[in-house]
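Below you'll find a set of structures to go through.
The same subunit A turns up in both complexes below, where it pairs with subunit B and then with subunit C.
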Partner chain A sequence: MPQQLQWYASTLSHYVGAAVAIVALMWLTNRGLRRLGLRGDAAMGLALVVPWLLGFLIWNAGPIVASLYFSFTDYNVLQAPKVVGLANYEKLISGDPNFWPSVRLTMAYSALTVPIGLVGSVAAAIMLNQGVKGIGLWRTLYYLPAILPAFVTALLWRLMFLPTRGGLVNSATEPIWSLFSDKPPGWFLDRDMLLWGFVIMSFWGVFGANTVIVLAGLKNIPRDLYEAASVDGAGVLARVRHITLPQLSPTLFYLIVMGIIAAVQVFDQPLFIQLPPGSPTFLNVYLYQQGFTLFQMGYASAIAWFMFVIILVLTLAVFRSSTAWVYYESEAKR
Partner chain B sequence: MTFREATAEQVGGAAVLVGSTRQGRGGLRKQLRLLPVYILLALGGTFALVPFIWMLSTSLKSQAQLFVFPPEWIPDPVLWSNYAEAWNALPFSAMLMNTIFVTALAMFGELASASLVAYGFARFHFPFRNALFVLMLSTMMLPWVVTLIPSFIIWRVLGQINTYDPLTVGSLFAWGPFYIFLLRQFFQTVSREIEEAAIVDGANSMQVFWHVMLPLVKPVLLAVAVLSFQGNWNNFRGALIYLQQPLERFTMPLGLQFFQASLSNEAPRWHYMMAMSGLMALPIIVLFFLAQRQFIEGIQLGGVKG
Partner chain C sequence: MVAMERRRWALPTITLSIVLIAAACGSGGGTAAPPGGSGASAGTGASPAGEKVTFRLTTWAGEDEAKELQELVLDKINAEATDFEIVHEPAPADYYTKLQTTIAGGTGADFMWLSQEYVAGYASRGALLDLTAHLAAVDNPAAKLDGYFPDVIKPAKYQDKVYGLPWIAQPVILYYNPKLFDAAGIDPPDDTWDWAKFRETAVELTKDDQYGFTANGWPPIQQFIWQAGGEVITDDLSSSPIDSPEAMEAVEFYKSLVWNEECCPTEETITEQGFGEMFKAGKVAMFMGGAADTFDGLDVVGATVVPKGPENRANLSYVAVTAVNSATKNPELAAKALAALTDGIHHWKIVAPRPELATAEVILASIPEKWKAQKEGQVDAIVAATEEMRAFNVIPRHQEWDGLFWSEFQDPVFHDKSAPAEAAPTAREKLEGLLP
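Then we have the complex of A and B:
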């Protein structure tokens, strides 16, 4: 206990020190800029964003440049980085038999979870929006899985997917799988099935939170649009297609972008689930192993940049396509 | 438009929700027509709920009952003692203290810095304001792995690996762009007149911030606080990268990982793991039932106002 208190005291003193330094810097910014002749309004505004600006420089801008540099070096943390040119990237592209299978697994996972999660939550939200009773209760029920820590979700689904006959999922689905084989499915321990295990688990985790977001988007659609459509004799499907989906598109856009970013970077769940020997793992876990278990920080940085580019390309593609399908009220009015 | 009207419109949830359900209740016939919807919703609800029940059920079983076929939902006997045994298997009391310490500091740091920065972006005109704001939003899309290794090296150079600094001190630098974004949206809805009235009375910017702005955006502040608590309480990644042995130094998430690694080698002791997972999730579950609206609004706002 006294030892713990020492640890706390040390962190607390750094924390307070940093806080005082930031406040002092804000004060100096305000004073300094005013003295330089800036309007009071502008000086105060800049002073207020100082904490973020500092954080951006120290924890974002600096590290981005540094990690790009590390990706061209051989770096084991203990010795200074040694520049090796493109060697890490060459290894990544052609010299590492474990890399591309990991890319494939991660991409397949993202390609499945994002659309499945989206379709599921839109369907659920539309149903909840039909004027059902007890909407607060449903909303709570659906949202519940999203509050669990990702690693608890992972442990829980490992248990549900136990590869034996007594595992909950296997025992519930026995009438189905026993038609095809007499051995129960291995889920996370079966190389061909683990992807589906992850997809189902992630669906369970994000589905409710996304449903709640979509529901809020639905509530924002002006009611008279539907009434006008009814007068014109539009059926349910026509209304969904021509009113609900276009009006909902900004929300869907947000969910797709956030979904891609989260899916490509999935980490906590696979770290808590033992995969069968020889199976590829998810990119982020692979990166973690290379960097923090094998201490190949240079190679790990190259993987990080590879992931960065993937995410950037995917998000840009979504952004580019958005002009074709995302409908903004303000633009239509203009 | 007064502030209250503005928030009701922004939140889009509560107020509109009440109106629409009232309209939707078209009597028994309408409810009957919705029967298929209810059935599908109930199926979805079962899917959401069953794993929770299974977690609870497993946590109360004995080793022998774990793998019986067909699965038992209510174990006989009910072993509440699993919780105490699992708790005492590792120094979880120390880990709980550490987690509370880390969560409290990080949460305070996030709230304080994010609301100051958001106030700056919302209410003041300064050069490059919009460019900086867009820059801030774009950091939301930056994968954490890209900055991970250099950040680790910064903390290493500062000699703070295996301390709580990396999990807490960074929060003072407004590391949550999403929170800044949410708070800024709400500061912008506050009527200028309220602010100007305070300035006429002789208040300076910081007094306006503290006495006028913060109280007015309290609902969003609460939503951010709840999300921030959840994020820091569950912070596994940071703990994994920055904390090492002894076990007394771990936070709960890292302890749980150690726990599952050490328990799953021979006969996996799922009853202990589920008991600990449940305990770990309990504060969040309780908080969720106390502050449901804040949880749900917090995540909704990003999607609807974004």
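Then we have the complex of A and C:
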């Protein structure tokens, strides 16, 4: 058998073997649970969950626990880790001059992209909700950028943000920047401008995806609320403030939480767009560089856990604040 | 009755499950090892009598390069060898990430390509096999270390032990566009040029949308520092004297070129039009590149050695090495196979890192048919450049050192944020903190 074909056959047999093993495991689980006295559908449900549970334990929970352990070690990936206590966390807090600039850049990016993206997508969704003809087409068009691979987006925006007068963005905005400077903005070549380049780029995909979700939220708002408000003499602004936004608040809550997580973890675009040497990079890219370029997986794991804490704190803050501004109909009825 | 029936099926079912799970999670995890490749963890286990031992080779070769490697090198070696076979597993994307993770996971290939900057790092972390004794026992010209250019074998060593064999030593040469020289009525560069003549001509050739030269960190500043008699990492790896008078002279000269509109495109223009692309488009008259570089769109490309500095004409040699995984199970045979593989590549790549093969005839024979017309006239320059090529002095934390050298020294100097003499002492202190 030709070598390549033999390899494919061998690989395929592994996959088939794994699939059969999983089915057998589910069957055994079902039988075992039934013997232990569990009802038929409960045993079946748990048996069906087993593959996912195993996958979660092996591919998620395992690495999470391992990375927590690595964060307390000096681990270069090629040799066994050596426990160093809190050294990685000490380095991160006070011994690494590049870490906090990365944190600042990532936080600034999150602080700008999440609210601006949200306001923009709500505005776009409200416009699209005004009985526009061919709504399906518009929705598709708005969502289209979100399905493009990140590197395509990065290449596209890198071209648009070329730092010369001939760059598309610079040429279109020349009347504005020429008021302040003879030189066009350097965007990704300029440490002071690169944040804005990434912020603008972020709207490309997020805007579309969020707009579609908000639009779905708007469609779910009962029409009779607006009719009743109109009868009571409420204007457009009053209707948006007292009906649209409260009714939409669960959707916005979801988008804020997901937006914060995505913004803090931004990775693909900054990896594909070369930043000026010496400039801070985003936290996730910095983590990747430490782990895979500089062989400091222990330190990279500490950074990952620091990121986790940031995301946790921000998410908890949004959750805690939600009682003040998120409207749940079920709670209102209570 | 029903209970009995259940029990009868339970044992075979459990056995079947265990076997299947073991098969699914077994060698190679279902992904890595190709046929015969015993697997991974380097290696290729013992060979039952009469069977060839399979060694896995991982490289960054793209589709075309991998095809050439297979057809021009591996097929021949595999046909001739009676006791081993080399199977190629190219990984053109994210090569080093994959390499690192497969080694860590115990499924790393037996042989791996490493750029010169990586060997010390991998060797110091125990990932590579010390080949010093094994190679001494191999009867193959590629296994004889004294057959290599002395400076080129250096990056394959760490603490005086050999961890791989260089398969390429590509010197930097000066390419030029004869049409632009003719149009300006200027004689093309030759081996009499020095820094002053080079810069002066680059300025002369710069007009409108045309530039005499281009630099943006490439060619590497190290080459100029060496030409002035300085060092960035000393031979004993104990210091980084980037603030020496020799280094300062080189840095000042380099700074007079990089992104300087008098002779070269600005950083913005390079970002817009592409670094090498500008030379290919006929917008740049002179370009320093590797000896194997080819240029689409240009019929004729002249080449000569790089201009001479105050002390010498040193040029950076791009050296890559094939190293052996320390977990390989058959080190003696691996050394033999490595030598055969390396010798095969020496007859394929430009330029072989051995003086006996770095000749005009061998280089001519190695040029692919497609590029013969463009490269034939460059062969003399390539051979001449090998005489003064040199490799980096490499340390285990070389990537970190390199990043710092750029961010703490070159970047601020090139962007006029610091004067060279001001930035160098501070940068030196930080760089020396990374030396072994």
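Basically, the second predicted complex is superposed on the first by the 322 of 334 C-alpha atoms of A that agree within 3 Å, B and C clash if a C-alpha of one lies under 4 Å from a C-alpha of the other, contacts with A are read in each partner's own complex, and residues count from 1 in each chain.
In the analysis below, a residue touches a chain if its C-beta (ideal position, glycine included) is under 8 Å from a C-beta of that chain, and two chains touch if they have at least 3 such contacts.
As the structure is a computational prediction, the values presented were derived from the model and not from experiment.
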Combined model on subunit A: subunit C and subunit B, fit or clash: clash
Which of subunit B and subunit C A:Val20 touches, first, second, both or neither: second
Which superposed partner A:Val77 touches (first subunit B, second subunit C, both, neither): both
Which of subunit B and subunit C A:Asp268 touches, first, second, both or neither: first
Which superposed partner A:Ala228 touches (first subunit B, second subunit C, both, neither): neither
Which of subunit B and subunit C A:Val152 touches, first, second, both or neither: first
First, second, both or neither for A:Gly131, with subunit B first and subunit C second: first
Touching partner for A:Pro163 - first (subunit B), second (subunit C), both, neither: second
First, second, both or neither for A:Phe308, with subunit B first and subunit C second: first
Dominant contact partner of subunit A by residue count, subunit C or subunit B: B
Touching partner for A:Val119 - first (subunit B), second (subunit C), both, neither: neither
Clash-bearing segment of subunit C, relative to subunit B, as chosen among 272-280, 398-406 or 416-424: 272-280
Overlap of subunit C and subunit B interfaces on subunit A (superposed complexes): 3, 7, 10-11, 14-15, 18, 77, 162, 164, 166, 292
Of all residues in subunit A, those that touch subunit C in their complex: 3, 6-7, 10-11, 13-15, 17-18, 20-21, 24-25, 27-28, 31, 76-79, 162-164, 166-167, 184, 186, 189, 276-278, 292-295
Partner subunit A, residues of subunit C touching it in the complex: 6, 10, 13-14, 16-17, 20-21, 23-24, 26, 28-31, 34-36, 87, 96-97, 100-101, 103-104, 121-122, 125-127, 267-269, 271-272, 397, 399-400, 403, 406-408, 410-412
Footprint of subunit B on subunit A - complex, ascending: 1, 3-4, 7-8, 10-12, 14-15, 18-19, 22, 26, 41-49, 51-56, 58-60, 62-64, 66-67, 70, 77, 124, 127-133, 135, 138-152, 155-157, 159-160, 162, 164-166, 168, 171, 204, 207-209, 212-217, 219-220, 223, 250-251, 254-255, 257-258, 261, 264-265, 267-268, 271-272, 274, 284, 287, 291-292, 297, 300-301, 303-305, 307-308, 311-312, 315
Of subunit B, residues touching subunit A in the complex: 12-13, 16-17, 20-21, 23-26, 30-31, 34, 37-38, 40-41, 44-45, 47-52, 54-55, 58, 66-71, 94, 97-98, 101, 105, 109, 113, 116-117, 119-121, 123-127, 129, 132, 135-136, 139, 141-151, 153-154, 156, 160, 163-165, 168-170, 172-175, 180, 205, 230, 233-234, 236-237, 240-241, 248-249, 253, 256-257, 260, 264, 270, 273-274, 277, 280-281, 284-285, 288, 292, 295-296, 299-300, 302-304, 306
